[in-house]
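In order of appearance the chains are A, B, C and D, and numbering begins at 1 in each one.
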Amino acid sequence: MSIYLDKNSKVIVQGITGGEGSYHTARMLSYGTNVVGGVTPGKGGQKSEHGLPVFDTVKQAVEATGATHTCIFVPPPFAADALFEAHDAGITLAVCITEGLPVHDVLRVVGATPGMQIIGPNCPGLISPGKATIGIMPGHIFKEGNIGVISRSGTLTYEVVDLLTRSGFGQSTCVGIGGDPIIGTVFVDCLRAFANDAQTEAIVLCGEIGGSDEEDAAAFIKEHLAGKPVIAFIGGRNAPPGKSLGHAGAIISGNFGTAQSKIAAFQAAGVPVADRPSEVPRLLAQRLGVTV
Amino acid sequence: MSIYLDKNSKVIVQGITGGEGSYHTARMLSYGTNVVGGVTPGKGGQKSEHGLPVFDTVKQAVEATGATHTCIFVPPPFAADALFEAHDAGITLAVCITEGLPVHDVLRVVGATPGMQIIGPNCPGLISPGKATIGIMPGHIFKEGNIGVISRSGTLTYEVVDLLTRSGFGQSTCVGIGGDPIIGTVFVDCLRAFANDAQTEAIVLCGEIGGSDEEDAAAFIKEHLAGKPVIAFIGGRNAPPGKSLGHAGAIISGNFGTAQSKIAAFQAAGVPVADRPSEVPRLLAQRLGVTV
Amino acid sequence: MNLMEFQGKELFARVGIPVPRSQHCHTPDEAASFVAKNPGKWVVKAQVLMGGRGKAGKIKFATTADEARAVTAEIMATPMPPNRQNPNGEPIHSVLVEECLEIDKEAYCAITIDRTSKKPVVMVSRFGGMDIEEVSEKHPESIAKKAIDTAAGFWPFAGRELAFASELDAGFRKQLPAIVGGIYDLFFRYGAKLVEINPLALTKDGRVIASDAKVELDDDGLYKNKEFAEWQKALPLDEDESLATASGLGIRNFRRFPGTVGTMANGAGLAMATMDAVKNANGEIANFLDVGGGANAERVRKCYELVVNHTNAKVFFVNIFGGITRGDEVAKGIVEALNTTTSRKIPLVIRLTGTNEEEGRRILTQAGMTTVATMDEGAARAVELAKA
Amino acid sequence: MNLMEFQGKELFARVGIPVPRSQHCHTPDEAASFVAKNPGKWVVKAQVLMGGRGKAGKIKFATTADEARAVTAEIMATPMPPNRQNPNGEPIHSVLVEECLEIDKEAYCAITIDRTSKKPVVMVSRFGGMDIEEVSEKHPESIAKKAIDTAAGFWPFAGRELAFASELDAGFRKQLPAIVGGIYDLFFRYGAKLVEINPLALTKDGRVIASDAKVELDDDGLYKNKEFAEWQKALPLDEDESLATASGLGIRNFRRFPGTVGTMANGAGLAMATMDAVKNANGEIANFLDVGGGANAERVRKCYELVVNHTNAKVFFVNIFGGITRGDEVAKGIVEALNTTTSRKIPLVIRLTGTNEEEGRRILTQAGMTTVATMDEGAARAVELAKA
């Protein structure tokens, strides 16, 4: 198994005829993803350059292909609309690659799309190595295996996955959840999914300063995830204090999202925290009782 | 059993210190309803004239009393706010007596209060005879028994219930769903609840011209309610054509809401349709194989 | 409340729906002076609530000031002729002088409330300019419908779906999401039960414009927009509506029919059932009347007078289900009402049920009124008296 | 984008939040002329983004035109002094001349975004006029919070709950739902990440008025309101932000520190990890720099020049995880960038991973640059070079 995505998941691409959409559709197909079509209003009835059917609306695409997953490559002013369209058409998992969505659009979307798992926005997507990928991750650095990976950062994920793969740790599913203030899928959502995934034996979580997702994740692990070891890494211990949410935001979340607070939370939950990415494989080997 | 309401349901009254609210709270209490408090902003900490605690907010009332049901007696401009407040505080069933709510307020409420069953607005409420009542129904005409009653009209319900009681047919629960264009609970909702209610052996449904709730009910009965006999009555066969929704509305609902269409739908579902209220007990007796 | 075209178009403009350039004029001179200052091709349209203006000759063209004056005078000279929808016709108090569009294609676009899904629903058809009922009969497949999720609000995809599903001409496609967004906005902002653009015009120069406007506002929501009180005062009521409001009843609580059995009941459902009961007893109904809650003496007197003076009733069948109100109180109200009215007397048949019903019936019988125990019995008795 | 008080209050007025009467003035004469025409007691407030205006003597009172001229001149004579929040201080280009309120009670009211519940959250405290962080430390129980369901929208009960839960003075109670409704409306209509009213004043004559206004808008949503482009141009950026935008980077993609190891990486997460790696190797960071996606020659050259010319960097550590981009392409970009720059040269340490990484490293080595295989190794090497 794996979470959120496997070989059979039927995927459409919203914005398939655009530059980015077309390029990454080709990459997804070559990785083995079951991309069944795409959507570009006004180009319905045509074929994409990959030979896939193009539809005017997501509804038509879903009716014709039975797609359940979508990958969204549309410019920021149209991304919320694309997400609502996907939800309305019955899509159950949407990956939104688009960067720069107004946060109020995202608030509206996450508040009114029950039943649809949104990954992102502003994220690299997800991959179940050896099966399928949705998004823009570089497939060649991944390897099928039993480690679940979740990360707020794109390139940092690649860094960590690269180290895991080179150390012999393959991955069940890797989810790049994105680093925006409001995202559809948070650490806890992924942890819950990994908890129920037989293929996943251990989890690597790459957090960052800011917000309280890591603290929430630590609380969840303590409560619900005794069976599967988790290793964490927190980026940005020496980064400038985040300016984006201001003081009122910090008071809302009950803390100031410092690296210290996050590390302390993980340690209290029995989760080893790597000092640096290169320490992750070693800590993982320790917890799994294997040698790298 | 009964549906929606029994002796133990904890009920609060929003607008308990107003004229209507206070009067009907007294009536509900004397019928045996477990009214545990009320809400009037600014009067928190006082006692109502019935000796019940008054709270400033529904949230406080729910926290202090564990109430799950509410009865709303506030003027139309404040009724939608009261319903959202109830939902936000975790109330699971709200009876809205208020008449004259802007239909757009109701659209907003029903579209964003998942998990809360709304009865009304502009309805007389509901009663589980011998147990409890929420609303403004005249308790003395009801009698405990095994007939479920659902009706869009207030006084017509009383007419029918009076006839049932005089004929010896007691009721499990009677729900006055209200006749407004948009209501929280429709026939099908009640039929589904009655289908699962052991106490209810047969159902009387009092419809009206306009809309397609009766047609939907007939379709539901045909599909899901083989076990329990249903008798219908349609009011307004000779009434002036409804002006309220206009032609576009009729086209939306796929029919023009005529008495003919509704009667035909019920007959196709094997539901006897009474020509007049006084025929209801006789038809019921026939279906149940008893003599009145 | 139904709005006239010029009012609907004013709301359209506020939410960004394109409308033709126009001037609302109350006299032929006003129309002439506008056209004199604004040369071009104009269409002059009577401002009334009734449909069928074109067939009635109440839409005419003008290119000069003199023509504008003449056609306006002609249009306003006679009222709209009666039709099935309004058997009294309708006086014409003003016209809309409007840019004459060079129309290439016509479509239909409307929003209304769907009771079943409990959502606003938008309808689009590529057949514009004809009655939507006719379209629905002849080309039902051409009508695309889309329910809008009120929690999410309107997003453009709904407009795109409608444009593609209804196979609208491509010229409409880009603008349709904005048009639909506009009517959705109007729907909630002003509390409309129906917003209809028919036709939605695609002009030869590629503009998409609302050529007509039909807006029905929710009476219960009118208080939210103060300006509507003014509009409401200026709008014509039909005679039944005027009588209802003059008697202190809700606008929809009274309606007349040609028969001779006057009726009154409390609650719309019971009032309809009362009419059905009269029909079942082979009588002809004079009216529908829902007296509402609280049948006190003053209210009963006004309703009695309304029925006696304004219908063909030969008998008045009062059907009250007491409910919470005590039967003896209601009976006292009826007796008092009948004693204080100065209108002519017709026979009353009274069915009164509820708490203390026996006491109530005793009071009525003492006052010389006919009381009955059931609705069916009352209907039979009333029909008998009407035929006597 | 942070707004100045007068801008925030303009938005307040548009959504119906009561604000004091005021005039935005750019010169002492303007202030004097306003007060001359409008006798009364006025307060003159420097319009800056920094906090601490009162302590800095940048808020003064005036009752005559001469006083207004004098205090405005005095306020504008010197910039806001530096503080921890802004070590450069801030020039003062204008003042707000505002009705001097007779304040009875002060409260706090704000809306912001809660990452965890993914909802806007409103906070109210009966302690107004002081920093909310201080309130949060000293009286945490006094802060009432309420998440607003975006599907339902704002309804007044949320304001009532906050008023009762925060035990606001009863004088605030009636108006609070409308104030909270106003900031919720502003929040969505203008795309604010924070709206703060501190203090929200209850005046001696019973009015509830926003005495100050702090508004932070979401940069990603600015395009929706055309007027904000003008406002943005007029607002001061701090030096790092100006440098970032001048180099074509996002406003938050560059920040300076006092150390000597310059850094550049692609992606914020990797850029932060790169800084951490330098720290782990006992080096001191000169800057944070996220070059974003697509590290082409032009982009790399600009970043190199930014770090060389504007930080204390003695070495430049470039950490690129190729991902989809091919390593050889990135390498070529770096070489070309370094060949075309006219800025002084400092040693480069380059860590390059991804597709065709070996080929990329070969290109770099040939061009005489130091390449390393891992981030840790690169950090160690860079620190070594910086200390050399």
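As a working rule, a residue touches a chain if its C-beta (ideal position, glycine included) is under 8 Å from a C-beta of that chain, and two chains touch if they have at least 3 such contacts.
This one's a predicted model, so the numbers in the text were calculated from it and none came from an experiment.
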item: Maximum centroid distance from chain B, chain identifier (CA atoms); value: D
item: Inter-chain centre distance, chain B versus chain D - centres from mean C-alpha coordinates, in Å; value: 54
item: Where chain A and chain D are represented by their mean Cα positions, the distance between them in whole Å; value: 28
item: Overlap residues in chain D, where contacts from two or more other chains coincide; value: 149, 151-152
item: Contacts with two or more other chains, residues of chain A listed in rising order; value: 108, 111-112
item: Chain contact topology (line, ring, star, complete or other); value: other
item: Chain pairs in mutual contact under the definition given at the outset; value: A-C, A-D, B-C, B-D, C-D
item: Residues of chain C that touch chain D when the two form their complex; value: 151-152
item: Chain B partner contacts - residues on chain C that touch it in the complex; value: 110, 112-116, 118-121, 123, 131-133, 136, 143, 145, 149-151, 187-188, 191, 193-194, 196, 216, 218, 220-221, 223-224, 252, 255, 257, 265-270, 272-273, 275-280, 285, 288, 321-324, 353-355, 374-376
item: Chain D partner contacts - residues on chain A that touch it in the complex; value: 27, 76-77, 100-105, 107-108, 110-112, 136-138, 140-141, 151-159, 162, 179, 181-182, 206, 208-209, 211-213, 216, 235-240, 243-249, 251-253, 275-278
item: In the complex, chain A residues that touch chain C; value: 41-42, 44, 56-60, 78, 80-82, 84-85, 87-88, 108, 111-113
item: Of chain D, residues touching chain B in the complex; value: 149, 151-153, 155-158, 160-161, 164, 173
